[in-house]
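Got some structures for you, see below.
What follows is chain A paired twice: with chain B in the first complex and chain C in the second.
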Partner chain A sequence: MLLSIALLLPWVAGAVLLIANGRNRAVAWLAVSTLVATLVVLAFLAAEVYGNGNVRVVTGHWPEGIGIVLEADPLGVTFALLSVLVVTAAAAYESVGGVRTRTFPGLVVILAAGLNGLFVTADIFSFYVFFELAMTASYALSAYGGKRRQLRAALVFTAVNLLGSFIFVFSVAGAYRVTGTLAMEQIAERMLEVNPNAVLLIATGFFIAFSVKLGLFPFHFWLPTVYAGARPSVAAILSGAVANIGAYGLLRFGAGLFPQQLEQAGLALIILGAVSILYGGVLAVSRGDVAEMLAYSAIGQVGYVLVALGVAGPVGLVTAVLYSVVNSLNKALLFLASGVRGALVAGAFAIGSLSVAGVPPAAGFVGKLELFRTGILADSTALIVLLVAGSALSLVYMFQVYQRCFWRADPAKAKASPLPQRLIAAGLAVLVLAGALWPEPLLALSGQAVESLTSSSPGAS
Partner chain B sequence: MVRRSGRGAAPDSVVRVVARMLPAPSVMVAAALIVKGYAEVGDGFAAGVIVALAVSLTYVAVGADGAEAVLPVLRHAPKIAVTGLLLALASGFFPLVYGEEPVSHQPAPGEPLTKFGKLELFTQLLMDIGVFLLVVGVLVMLLHQFGRLRGEEKS
Partner chain C sequence: MIIAFALATAVLFGSGAYLLLKRDLVRMVAGIMLISQAAVLTIIASSLNRGQAVIHVGPDDDPSDPLPQALALTALVIGLATVALLLAMVHRVVVVFRTSEQDALAATEAEVEARLERKRQADREEVEGVEGAKEDDAEAIEHEELGRVR
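Here is the complex of A and B:
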């Protein structure tokens, strides 16, 4: 019931809000309150899932395998909660500033519905449907603002991601062809008996599709234009919520459906991740513009997730989940903070910067700590050197921009933004701090999420 | 009726006449497809595409303004699309009210049906009508946008 409501609420509200005039303040705040209500429903759902195990719904009284299975497990609800939280923060931020287009509030709520759906489905085709729902909303959102820059960003984003979606649905078709089913559980079982070459091809297709979403190194080319061109709230949504699709997909499909292929490809993933970290880091140092720097930093940060995934094993996967969560909060915080000026903002930005660099009083520290643990477990000096170099680079580029933005006396920029906008950024900063000061829940959540993931896949040890 | 001016000549009179005649029968074909559905090929999506195709010919023949002058209902495309989506969602999620799983339909498979001529009455029909409205609405919205683009280019 909770699961169905978490889908139904944003879907219906989003559809209704789409025809309302979003420039009206009441409409914008109605969208925000819908998102908050969705967040509350998801929190109850998460409590149920963490307390009493997975929540499962099979549509229409059909036997499993015919009816679509929706299953909320710890990994799914964690990502759903996180993504809807980021979307809510960004929508509230934009509503304070005044929404500029009719459709923004409706699109944001529809995006939340799509994200919720794809994080709780246990069927790869309905995953694709929700994925497209979320992506279509984000294509329209990336044009938000309507200036030349935003339109260019939207064109690039849409063109590249449509290609990614095409590869994804192609892989879905391939998986269906070789296993004759679309339910994730059955696919994982039957994949063990399929010709390994076919499985590898399908797994690679999924990997490419999700890497495009995430902006990993060889598939990153669209990302700087888009993140730098979009408005701060949209950039926060894209990097803090929509990119989660990529991280979640790599975990769910990689560790859940193709554990053997993940193991085989471990070294390749680590190398791609390492290149991402260095490429993103070096280019971020060379950028002066905040949004552009953050875009390159995003490429570097997802590299860590891929490295953790490549090391695999329970520790590597827990680290991947943890780092994705922390990274998404960091990015939302930094993009939102980069768009405002005034008291509190510099502090919030500094906390975000520390978190990206992995310095203690911020949640990024916990993520980096787990990464180092992963590196030591993998018994690889090169990996640890890479992590240190990556962290040092991020410290340099974050504080270079921090200095330029917040230490320079610039009277033209001194006009303070509305207090609620600054409070939203500060609230996210407090969340990032809390994640470091009291990391146990975060670690326990990630641990349980990975347990639910690996226990459902028969190929894992 | 607004004549298309500017680039090129106005479309052939045959095209204009056909475009004018086509929408009404296309709705009949769509209705037939929805009625036929389930046992034979046909559903709300296909029906929606057929109506949208007929409407698109009107847009080609007389332009966006002309099409919307001839068929004023086209101006309400966004509302039609959202109504369709809400109808489909309602038929999907309504079973929750009496504690059933989403997308459960009445009567269940194998149970006797109420028939009204050829029309079989069951709740899936509502979902198909919803999908039909959604498809028509969204495609007409797209046509409207494309038609307007051409108009802006001219001025």
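Here is the complex of A and C:
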């Protein structure tokens, strides 16, 4: 019941809001309150899932095995909660400042519906449908603002990600061909008996599709233009919520459906991740513009997730989940904070910066700690050196920009942004701080999420 | 039959990828369309393991697997919607930039980059006053350009 409400509420409300004129303040706040309501429903759903196990719904009262199955497991609800939280913060931020186009409120709500759907579905084709729903909303959102840079950003974003989506469809078709089913559980079971070469090809297709979403190194080329060109709230949504699709997809499909292929490709993933970390870090240092620096930093940060995924094993996967969660909060906080001026903002930005670099009073520290643990467990000096170098680079680029932006008296910018906007940034910062001061729930959540993931896949060793 | 589908998909995907790399935006959209069709063909091909098409099935005939056909329909609809969105975006770009060439778009990016670099240079040389005046350069260019278009 809760699961259906979490899906239907934003879906229906989004469709209605698309018709309304979003420039109207009431409409914008209606969208925000829908998102908050969805967030509350998701929180109840999460409590249910964490307390009593997975919630399962077969759509349309079809018998099991025929209807599409929606299944909320700890991994799915964690990502859904996180993404809707980020979308809500960004929507509230934009509503305070005054929405500029009529479609914005409707689109963010539809985006939330798509994200919720893809995080709870247990069927790869409906995953694609929800994924396309979320992506289509974000294509339209990336043009928000309607100026030249945003238009160019939207065009690049749409073209590249559509290509990624179609590669996903190719892999879905392949998976159906070799297993004769679309349900994730059955695919995972039947993949074990399929010709390994075919499975590897299919798994690679999925990997490319999700890497494009996530902006990993060889597929990152679209990312700087888009994140730097989009407006701060949209950049926060793209990097804090939409990029979660990539991280979730890599975890769900990599560890859930193709555990053997993940193991085989471990080294390749670690190398790609390492290149991402260094490339993102070095280029971010060379950028002076806040948005552009954050864009390159995003490329570097997802590298850590990939490295953790490459190491695999329970510890690696828990780290990957934890780091994706922390990273998405960081990015949302930093992008939102980069768009406002005034008291509180510098502090919020500093906390975000510390979190990206992995310095103690911020949640990033917990993530980095787990990463180092992974590196030690993997028994690899090179990996630990890489992690240290990556963290040092992030400290340099974050504080270089921090200094440029906040440590100078700037007469032209003395006008402070509205207080609620600053409070939203500060609220996210408090969340990031809380994650570090009381990391136990975060760790337990990630642990349970990974447990649900590996216990469902029969091939896991 | 499978080989025919494989060849058709390969040709479609290849032509699509070629068009995607073209400078002209309309061709780029056409490329994406071709690739989406290649994906639909692959879905249909994934059902070619049994039976006849369901257009005309006798009582004794073995009908083909209907699921991929439903998937193909869904994929077609999604492809249509996304391509329509992309075309709308290209149209907007043509209106704003007055060109459908990628180069012109890239030039805007280069312009923003150059202004940022100048700002940084001024910053290094500690030129007073330049900072404040040029703070929101990217926005300023856009306002200027938009004004001209309108």
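Assume the second predicted complex is superposed on the first by the 461 of 461 C-alpha atoms of A that agree within 3 Å, B and C clash if a C-alpha of one lies under 4 Å from a C-alpha of the other, contacts with A are read in each partner's own complex, and residues count from 1 in each chain.
Rule of thumb we're sticking to: a residue touches a chain if its C-beta (ideal position, glycine included) is under 8 Å from a C-beta of that chain, and two chains touch if they have at least 3 such contacts.
Keep in mind it's a predicted model, so treat the numbers as computed, not measured.
Chemist: For A:16 in the superposed arrangement: first (chain B), second (chain C), both or neither?
Modeler: After superposing on A, A:16 lies in contact with chain B but is clear of chain C.
Chemist: So, does A:129 touch the first partner chain B, the second partner chain C, both, or neither?
Modeler: The second partner, chain C, only.
Chemist: Taking the superposition as given, does A:1 touch the first partner, chain B, the second, chain C, both, or neither?
Modeler: In the superposed model, A:1 contacts chain B only, not chain C.
Chemist: If you count the residues of chain A that each partner touches, which comes out higher, chain B or chain C?
Modeler: It is C that touches the greater number of chain A residues.
Chemist: Just which bits of chain A does chain B share with chain C as contact spots?
Modeler: Common to the two interfaces on chain A: nothing.
Chemist: Quick one: in the complex, what on chain C touches chain A?
Modeler: Residue positions touching the partner: 20, 25, 28, 32, 35-36, 38-40, 42-43, 45-47, 49, 67-68, 71, 74-75, 78, 81-82, 85-86, 89-90, 92-93, 96-97, 105, 108-109, 112, 116, 119-120, 123, 131-133, 135, 138-139, 141-142, 145-146.
Chemist: Where on chain A does chain C make contact in their complex?
Modeler: Chain A reaches chain C through residues 125, 128-129, 132, 136, 139-140, 143, 146-149, 151-152, 154-155, 158-159, 162-163, 165-166, 169-170, 172-174, 176-177, 182, 225, 288-289, 404, 410-413.
Chemist: Okay, in this complex, where on chain B does chain A touch?
Modeler: 78-79, 82, 85-86, 89, 93, 96, 100-105, 108
Chemist: Which part of chain A faces chain B closely enough to touch in the complex?
Modeler: Per the touch definition, chain A meets chain B at residues 1, 4-5, 8, 11-12, 15-16, 18-19, 57-61, 67-68.
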